[in-house]
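Provided herewith is a single structure, encoded as C-alpha cells, for subsequent inquiry.
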Amino acid sequence: MADAAIADAAEKVLASRPDKAQLIDKLVAELPEHVVLHAEEDLRPFECDGLSAYRQLPMIVILPETIDQVQTAMRVCHANDVAVVARGAGTGLSGGALPMDNGVLLSLAKFKQILDIDTENRRATVQPGVRNLAISEAVSHLGLYYAPDPSSQIACSIGGNVAENSGGVHCLKYGLTTHNIVQLEIVTVDGERMTIGSEALDTPGYDLLALMTGSEGLLGVIVEVVVKLLPKPERAQVVLAAFDDVRKAGDAVAAIIQAGIIPAGLEMLDSPAIIATEEFVHADYPTDAAAILLCEVDGTHAEVDEHIADVTAVVEREGATEVRVSRDDAERAVFWAGRKAAFPAMGRISPDYYCMDGTIPRKALADVLIGIGELSKKYGQRVANVFHAGDGNLHPLILYDANIEGELERTEEFGGAICELCLEHGGTITGEHGVGVEKIDQMCVQFPPDELTQFHAVKNAFDDKGLLNPGKAVPTLHRCAEFGAMHVHNGELPFPELERL
Amino acid sequence: MQTSIIPQLRDTPDGEEADRILRACTHCGFCTATCPTYQLLGDERDSPRGRIYLIKQVLEGEAPTQKTQMHLDRCLTCRACETTCPSGVEYAKLADIGRDLVDQQVERPVHERAIRWLLRHIVAYRNRFAFFFRLGHFFKPLLVGPLAPLKQKMPPRRKALAWPKNDNATRTMLVLDGCVQPVAAPNTNAHAARIFSQLGVQLIAPKASGCCGALSQHLSHREEANDFARRNIDAWWPYIEDGAEAIVLTASGCGASVVEYGHMLRNDPAYAEKAARVSELARDLSDILAQEDLSQLGDLGHGRQVAYHPPCTLQNAPQLHDNVAEILAQAGYKLTHVRDSHLCCGSAGTYSILQPTMANQLRENKLASLNAGDPDVIVTANVGCQLHLESAAGVPVRHWIELLEPSAAAA
Amino acid sequence: MTTSADQTDQLTERVRAAFESKSPLKLTGGGTKAFLGEQVKGDTLDVTGHTGVVNYEPGELVMTARAGTPLSELEAVLEAEGQMLAFEPPHYGDNATLGGTIVSGVSGPARPFTGAARDFVLGTRIINGQGQALRFGGEVMKNVAGYDLSRLMAGAYGTLGVLLDISLKVLPLPRTQITRVFEHGPSEALTQISDWQRKPWPITGAYWEDGKTYLRLAGATSPVESACEKLGGETLDDDKPFWRDVREQQRPFFSNADKPLWRLSLPPAAPMLDIDGDCVIDWGGAQRWLASDIDAVALRRIVKDEGGHASVYRGDASPRFHPIGESMLALQQRLKRSMDPAGILNPGRIYPEL
C-alpha cells in the first residue's frame, strides 16, 4: 500500500546517518568551498531560528550565491539521499528552519536582490532573501507597497513568508501572503527549476501557487518570488481604545466587524504585553488598562474620517475607558511600533518566551482569553497576549526561564493546552507561524489519520524520498501514536495497529 | 536565550555581564535587518545575532579559531543593531567582551599584530600621529605599489585656524581635542570655538587630554582604554570643579566613548564617581548648540544643498543626541533626502584600515546614497567618517560645524 | 429558504465503490460550467442533492455551505444580511451550484480588485479518490496547519476530490456603487486603467468594449464619490444589469457565435495583441475575450510570449485549456494520483492526460 511506503520514506530519512566527510567531498567537488560550512564553530550560529528553545547543530550548512548553486546542492543531496532544510532570515517562530544533525541546512540569505519593479502591472520580482519591509521601502516613491506585514517584517525574508504563508497586522483587509503573490520560481528536490503560477492572474492546471504557499519548505525551495504591489492608501489612522476588562475588549472586536467595517488592522494587547512594550517604545500606552485595541482604518481622507467616527462610536459604546486617535503618521507609527516589537520586547520582562499562534472565531475571543488566564494559574506561568484580534489570531506568549530545569517542558505542555483550547472553540493550532516542529504534536489533535495520510501523499508527489524538511509541519503517524493525545474519531482510538511507547 | 557559561568565566565581572546580556536576547533576528555587514554578506555569522552566538559558544567553553575572530573583526561596532533590538540587548558591550576573550585565545598573524600595535601606539597619540602624518605627506610620492592605497587614505593637509580670544565669555565648557582630529581636521574644534565664542561660551581644550580610548577599546585592549579615560578625567577634573558646564564632543566617535567612561571605570574605586560625572557632562556638539539661541547666526546656507551623513555613534549611542539636521535647516541649508541613512559608511574607527574591502564597499554604497540628492557639500559629525568619505566623495566633505561660520560657509 | 440535505454518506459510498472497481466518475452539479474544459466519460455522480447552509454567522464573515446548494440561494441569504461573495461568481445559467463555482474557479469582474474564488476559500470537506471524507482548513480567517488543499480544490474541476462543504470568507456589501464611462481606444484604455490602479481608489471593475471603458467604483460612500469627482467621465445609470451581463457573458459581443471564443489570461498591462478578431477587455486588462478564427497553436504562442495563457470557451480547439510543460504536467499527474490513486475522479476533465 502506497501510504505505508510514504510514511516509511519519512521515517527512513529522519533516521538516516549519511557519511558527512563523503558528502562534503561531493559538495565541494561541485560548489565553491567557501559556501559549504561544516566545522562546528561555523555551524553553531545556525542551530536555531527565531524559536531558540529548539536547537540542533546542522550537519552541513550551504550558503549558495546563485540559483545554479542551489540546484547543484539539491542535486547532490538528492543523489545521496540527504535531507535539506531551507532557511531564509531565520526569524520563524515555529522552528520551521530547525536544522538536522543528519541533514543540510540551505540558507537563502544571500539572495537579497530586488530584480525588477514593474509599475504598469504593479509587481515586484524579488529574490527570496529580500526582507519583507525592503520591498515596500523600494517602491514607496512610486506610491506603492507590499501589503502583508508580519511583525518581524523589518527582518523576515519573502521566501520565508511564502513558505509560512505569513500574515500580519493588515491581513484582515489585504489578505495573507497567498493573496499577494502571483509567481514563484522553485528548485525541486532533485534540482530542477520550475515556475509556479504566472504573470497573469491565474494559471492553467492546478493552483500549485496556493499549495506551495504555506508548505513550510516541504515541497520545494523558493528561489524567486513575484509579489503584488498595492497603491498606498491616501491616509491611515489608528484608534487606540483602552478597556478595563478583557471581555469588553473582545466584544468590541466583534462589534466593529458587525458594524460592517473591515479595518486595515485590528490588534489587541493585554496588560502584561502593554507594560513590556511600553518600556521599549514609549508609545504612551495606558499601562493601567486591562487591554488595549489598536484599530487602523485606511483609504481616502473622506473614507478614513467616516470610519474613524464609526469605530470611535462602537468602542465607546462597548465601554472603552479611553479612546485616542493618532494625530499624524509619526504617532501612528509609534502606536504600531509597540505592537510590532511586542514579542521580543518580552525579553525585557522574562528571559524566554514561547509564542503560540492559535486562530479562533472572533466571537470566542473573550472566552478563550479567560480560559488562557485560567490555564496560566494552573501552570503557574505568566502569559502576555498580543494578537491580531480582527482575524481571531491569538499570540499568547508564555513567559519562562530556560535556565530553570523543567520550565521549558512545562511551557510546552501549557502551550499544547492552549492549542487544544483553540480547537475546542472551532479554531486552528496555527494561523500564520506554521506548524514547524513546535506544533507538530498538536497536528495529531487537529487532524485525523486519513487527513494526515493525504498530506503525506501530496508531499510524496513533490518529494518521493521525503528529503525536504522532514519531521516538520506534518507528523508521521508513528509520531502521533507516540504522542498519544490523538484525534479521537467516533470514539475509536486511531492507529490501533501501532504499538504505543 | 538559554546560557551555560563555563564556571571559570561565570563569576567574573565580564562573565556576569555577558550572561545578563545574552539572557535578554530572544534570537528574534530583528538586528540582522540593520546590520551593514549582514546586509552585504547575507551570512548569519556576519550578523549581530550570529556574532552573539559565536561569542556565546566561546563563553560556553568552545575554543574559537581565526574564523570566529574574523567575523567579530568584521563587525563595525556601529550599534545599529541595538536600535532595532526590542529586547534591549547591549550588543556592543558583549562584542567588547567577546573580542577580548577571542583575542586572548587566538593569536593573530604578525602583520595584523603589527598594524594593530601601530594603530594603538601611534594614531592614539596626537604628537606621534602628527609626526607620521607630516612624514607621510613628505614621502607621499614614494607611496607606490603595495603602499599605494595608503595615499588614498591620507587626508590633505589643512591650515589651522586661530582660536578666538574669548574676552567676553562668561561661561566655560570643555572640548575634547582627541588624537586624529587635531592633526587631520584641525579646524573642527577651532570653528566650534569661534561659534561658541559668539554665543558667550569659552571652549577649553586642556593640553593633557588626548585620545578618548575608543581605539584601544575596539582593538581588545580595554585596560589601555581605561587608562586613556583616566588621563582625560584627570585633565578635565580641575575645570569641572571650576564650573565647566559640559564636555563638548565634536567627534561623535569619541563622544560615544566618553559617555561610556562611567561604565568603563565603574569598578575602579578611585575613578568611578568622577567617571560617572564626566559621562553625565559629555554631550554632542549639536545637542549643546540646539539649546542655544542660534538666530543671531542668520541665514548662512541660502538654500545650498547639503547631504548629511549621521555617524553611527551619534545615531546609535543612546546617550548622544543628534540635532545636526535641525540646526543646518535653521541656518538656511536645504538637506537632501539620503536613503538608508542608518547604515554605516565603513569608517568605524580603525575599521577602514583593518577591513579595507568591506569598508570600501560600504563607502561606495554610502556615497551613492549621499550623492543621489545632488548635494553641494556632504557633512558629517565625526572625523573618521569625514576622512573616509572624503577620500572618494567627489564632493567636499566637511564637519557640519564649518557650515555655521560665515567665512567657511561661503567657501 | 434553502433546502438542506446531507448526502455525505451516500456520496462517499459511491466514490469508495468506484475506487474499488476502478470505474471513472463524471461529477455533475447544475451543469452550467460543463462547457468548460474537456468532456469526461464515466458514471454520473450528481452532487446537487447535497445542499444547504451548514453555518453562517454574519459577524464572523464566514459562510459554510454544501456543494450542491444553488448559488442564487446562497447569494440571497447573504444579501439579506448585507453581505456578498466578493469574487462575484459568474453563474452561466440558473442552476449554478456553489460546488461547481468553486471547482471551476471562475470569478467575475471584481476578481483583480477583491480576489478570486480561491482567495475566499477558508476550508473544505472533500471526498478523495479513495472514498474518504476529509476536512481541510476551517472557518477561521487564517489557518496554516497542513497544506492548503482547500484552495487547491478551486479550479481543479473535481479531479482531486469531490467537494462536500465549502467555507468561504464573505464581505459586507458596498454602501455605494457608481460606474463611470470613458471614450477610449483599447490601448489607451489599458494605459488609463493601469494608471488608475496606482491610485488608492475603490475600483471594483474595469471593462472595455467597443471604444468605451467602464470603471466601477464601490465601497464606502465618501471615497467612491471623491474618486468619481477626480475621474470625470459619464455616469452609467442603473449599472447593475450592465455588470451582470459582463459577468454572465450576456453582452452582445458574446452572443455573436460566428467565431470561436477565447479567454486570454494576461498580465494586466500586456499590450493589445495584434490578432485578427474582436476583443473585449475585462479584469483591468488581465482577462481579455477574443472572438477569432486564429489557429490555436499560433494564438497560444503569442499569448505565452506575453506571459499569459489562452483557453477556448466556444469552438473546437483542443486541448481546451492552455497546455502546460512536460515536467509540470508530470508533477500535476503525480499530484492527481496522490489524491485520486485510481484516477476515477473526472479523469481528463482539465487535460486528457490529467
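A, B and C label the chains in the order they appear, each numbered from 1.
Throughout what follows, a residue touches a chain if its C-beta (ideal position, glycine included) is under 8 Å from a C-beta of that chain, and two chains touch if they have at least 3 such contacts.
These figures come from a predicted structure and were not determined experimentally.
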**Report entry** Central chain (by mean CA position)
**Finding:** A
Report summary line: Top of the farthest list for subunit B, CA-centroid basis, is C
Query raised in the report: Cα centroid separation between subunit A and subunit B, in whole Å?
Result: 39
Report task. Measure off the straight-line distance from the CA centroid of subunit B to the CA centroid of subunit C, and report it in whole Å. Result -> 61
Report summary line: Here the gap between subunit A and subunit C, centre to centre from mean Cα coordinates and rounded to Å, is 29
Report summary line: Note: in the complex, subunit A contacts subunit B through residues 39-42, 44-53, 63, 89-91, 107, 109-112, 129, 131, 133, 152, 154-156, 280, 341-348, 351-353, 402-403
**Report entry** In the complex with subunit A, residue positions of subunit B that touch it
**Finding:** 1-4, 23-34, 39, 41-45, 49-51, 53-54, 57, 62, 64-65, 67-68, 84-89
Query raised in the report: Inside the complex, what are the residues of subunit C that reach subunit A?
Result: 57-62, 82, 105, 111-112, 115-116, 118-119, 128, 132, 134-136, 138-149, 151-152, 154-156, 160, 171-172, 194, 197-202, 219-223, 225-227, 265-269, 283, 286-287, 307-309, 311, 321-324, 327-329, 331-332, 334-335, 337-339, 341, 350-351, 354
**Report entry** Residue numbers on subunit A that touch subunit C, as the complex places them
**Finding:** 2, 118-122, 142-144, 164-165, 167, 171-172, 175-176, 178-179, 192, 194, 198-208, 210-211, 213-215, 219, 231-234, 254, 257-258, 260, 262, 299-303, 305-307, 359-363, 388, 390-393, 426-435, 439, 443, 446-447, 450-451, 454-455, 457-462, 473-474
